[in-house]
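Chains: A, B and C, in written order; residue numbering restarts at 1 for each.
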Amino acid sequence: MTLPPAFWTYLKVVLLVALVPAIVGFVVVLAERRLMGFMQARLGPNRVGPQGTLQGLADLLKLVTKEDITPSRAEKAVHSLAPVLAVIPALTALSVIPFGPPVRVGRTVVPLWVADVNIGLLFLLAITSIGVYGIILGGWSSNNKYSLLGGLRSAAQLVSYEVPMGLALVSVLLMTRSLSLVQSVRRQEAMHLWFVFPGLLAFFIYFVAGVAETNRNPFDLPEAESELVSGFNTEYSGVKFAFFFLGEYTAMIIISCVAVTVFFGGWLPPFPNVKALEFLWQVPPALWFLAKVAAFLFAYIWFRSTFPRYRFDQLMALGWKWLIPLALTNILLVAFAILLTPGWTTGLVWLGWTLGVLFVLAYLAAKLRQKLARRERLAAEPHPVEG
Amino acid sequence: MEAALRAAAGTMSDDKISQAEKDEAAYFAERAKAAAARAAEASAVTGTPPTLFDVQEMELNFGPQHPSTHGVLRIVLKVDGEKILEAKPDVGYLHRGTEKLFETETYPMGVPHTDRMDYVAAATNNHAYCLTIEKLLAVEVPRRAQLIRVILDELQRLSSHLVWLGTSGIDLGAVTPFWYAFREREQILDFFEEYCGARLTLNCMRIGGLPFDLTPGWTERVAEFVDDLPARIDEYEQLLTDNRIWKKRTVGIGVISGEECIEWGLTGPVIRASGVEWDLRRAQPYECYEELDFVVPTRQNGDTYDRYIVRVQEMRQSVRIVRQCLERLEPGEIRGKVPRVIKPVAEEVYASVESPKGELGFYCVSNGSNKPYRMHVRPPSFINLQALPRLAKGHLVSDLVALIGTIDIVLGEVDR
Amino acid sequence: MALKKWLDRITLLDLFDGLSVTGRHLLKKKVTIEYPEQKKLPSDRFRGMFRLDEERCIKCTLCAIECPINIIYIDWHNEKDEQNKSVKVLDRFDVDLKRCMFCQLCEEACPTVPKSIWLTTKTYEMAAYDRNESLYLDIRKLTDWREAPNVKPFTVVERG
């Protein structure tokens, strides 16, 4: 008996829509709170369930049972629509992410993605930017000045950070020659090269823009708690707030998934073509994918617990004056590397080596200089007691 | 806004609207009318028909329940987008009439009330009060008491600056220094608890000296702690000082010159960051500060970053002072010769100490009875807060948060 | 100089420095005290719950006089004892604990040795559902006040 392909598609959709919120609620949020706690020399939530594992359930129960308040003089329809707008595109975008190579179930081969769209990246960029409307409309419809400011901030921020993000992905397109995400993984396998090496700059730009796109620290201006009292979601409570929350974290997951797929070889284990490391293939590819995504989410959490927040105008300056020119330069760089060398791969490999070595050398030099400067300063400091 | 306009146009049926709603509608209608007038004015300048977007100014109530106002400060902002055109601090939400309270009670009974003014730096408050009454009585404080008072002051300065560091970091989005700073502050509070039995509202000084002698082992533990502290301060600095985002948020924000500081009467780290070396511990030494070796850190630019650097360096200097005092400690008396019932001669005195926020002074008028006739406090937070409208003008709302943090106000002291 | 600055900037040195601090703390020992299960005992001088020794008290009312916020109420009358000597007997010794600011001036004012009223009971768990009932102490509560038994066992955490 063979099940029709449509069955598998429906199953995958249901799994994604049911699983992702659960993962977000139970794993990501808990991991964020506990890891941030560890980094801040404290324990984080560890009361609900063993080691706090059921904290997500408690949070969910709290949010669901909370009173749903719509402020007076708010635009009621838009106020209710906004959270939905924030969460639906984020979940939709998951459909094109390839979580692993096709697997065999009985006699059918089931791909681990809902759809391999040939305009995958374009679709992703398009659908995730709809999520911006949720934030803008939510901020505007709340009839609260702080929310309005938050919404306006996010309008400017998210729209302008789409540009460097798209430009960074253009340079990857030069390497993959396809917009399809599955193709980009296959190409990395064929070229024996993760695209993060030649695309170091592109990756940097993409990730910075991605952090900005998801309103996370250090770019969490629309919800800046200490300035705008949570910004656009100040007037939301209960399930609506949970939707915003879910939308934000799903967006984080999508940004990480795309980064992994495009730059870090998707489901491929590290060094997929080295003979000595072949045992790495024993791990299911989907697990490699999840591990890489987890690493990215960890980076998100690490950033949040370390960096201060940019100011609104400085954020715009960073985007327009630094990231966009840098992205354009990077496109040229990659294009020339491909054009001026024989074959498709040679130039990219050379580019990868050059960028990597240059960065490591520069970093070591800077670190050394810092160490020497500190030693000098310590030598000049007076003794604490004798003076 | 649109709902307000609709209400103003009378589309809602009158019988359904209660009186309160009517008032509200009238208020919004008035606002809308004023906005329309401003819009018309603007359109007269530009020559285009007026729209809703021509309204340039927005009034924003910043506080008193805002998380970044360090208590219950309310600032009425006039903003154009996010740019601040005008900032008006509105104080008094925490007013408890402390000055009047002093008049109703005998001199020794005033000490616990001073704890509740600058509640993150109770020891310096106690010190300033006791110093004033001692000056009134012309009492000599024994040397051991002086040294212990200085140690308590400097530990308090450290803990107050740690609170400032943590909270102003949070204001700018850096959440982690807060937890590190509070970890160290906890240890300082433990020392206070061991010495006087309280952690926050210390009540740790008495007129003429101290209530208790040190417990055995206290000095060793404090010495160990202050030896550790510089490494911890390095850690905070590694998180913030060179960080490009921190620098962007603080360099050039709220610049005020030394002359202006003097005109406004600003004191403490604010004036020292503007290049004026004014520290009461140096300028008019009290207790045993004269013989101690420490540097008064100053910076030239007078912006938020310099105020940050000055405070961090002050913490390092406090460590030095505590170490020196611990070395000089010798057994001896801890309380001077103060009569049991304090009845000073009719006189007026002013004495002040360098509190973590600036010059904290008490002005006492005595009429010869056992209660002060009038007691006035010169609170550094309140006087430094005056400069906020001047500092905030032209900056963005995000910078206002940084500026409130950098002035280092405690609302208990502002409102008393 | 400018070049060095640029080197720092393009290598994101400052950001990596910050990340290294939080990264180090990830594995360090945590300082949280998990309160009901772990407790840090108060110091010997800790100012907490009141206690009164009725035998020692000489009914001089100095503590009530010295209290900055007048929360100690003392009434007494004279009685003859067996030797026909006049002794003071307490009618009322109340402390309005909910207004107390724990300044210890009453204990300092007390002339008896040892003190008849003291705050160094090392008790700080005084939360109550009804402040007017539970936090208004009369003689019975002052002399015979017992801490609520600990519901859960706890471990003691070292100070400092």
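General remarks:
Keep this in mind: a residue touches a chain if its C-beta (ideal position, glycine included) is under 8 Å from a C-beta of that chain, and two chains touch if they have at least 3 such contacts.
Remember, it's a predicted structure, so these values are computed and weren't measured experimentally.
With centres defined by CA atoms alone, the chain at the far end from chain C is A.
Centrality by C-alpha centroid: the chain sitting nearest the overall protein C-alpha mean is B. Between chain B and chain C the centroid-to-centroid distance comes to 26 Å (mean Cα coordinates, whole Å). Annotation: 40 Å between the Cα-based centres of chain A and chain B. Measuring from the averaged C-alpha position of chain A to that of chain C gives a distance of 49 Å. Counting only residues that touch two or more partner chains, chain C has 8, 13, 15, 18, 21-22, 25, 31. Shown for chain A are the residues in touch with two or more other chains, namely 39-42, 305-307.
In chain B, the residues that touch at least two other chains are 176, 180, 183, 239-240, 243.
Per the touch definition, chain B reaches chain A in the complex via residues 1-4, 58, 60, 66-68, 81-82, 169-176, 178-180, 183, 230, 239-240, 243, 245-246, 248-249, 293, 295, 319-320, 323-324, 327, 396-399, 401. Across the complex, chain B is touched by residues 8-9, 13-15, 17-18, 20-22, 25, 31, 42-47, 66-68, 101-105, 108, 119-120, 159-160 of chain C.
Looking at the complex, you find that chain B touches chain C at residues 105, 108-113, 115-116, 176, 180, 183, 186-187, 190-191, 193-198, 201, 203, 211-212, 215, 221, 225, 235, 238-240, 242-244. Chain A meets chain C in the complex at residues 35, 37-43, 46, 302-303, 305-307, 359, 362-363, 365-367, 369-370. Within the complex formed with chain B, the chain A residues making contact are 36, 39-42, 73, 75, 143, 145-146, 149, 152-153, 217-218, 220-221, 224-229, 304-314, 382, 384-385, 387.
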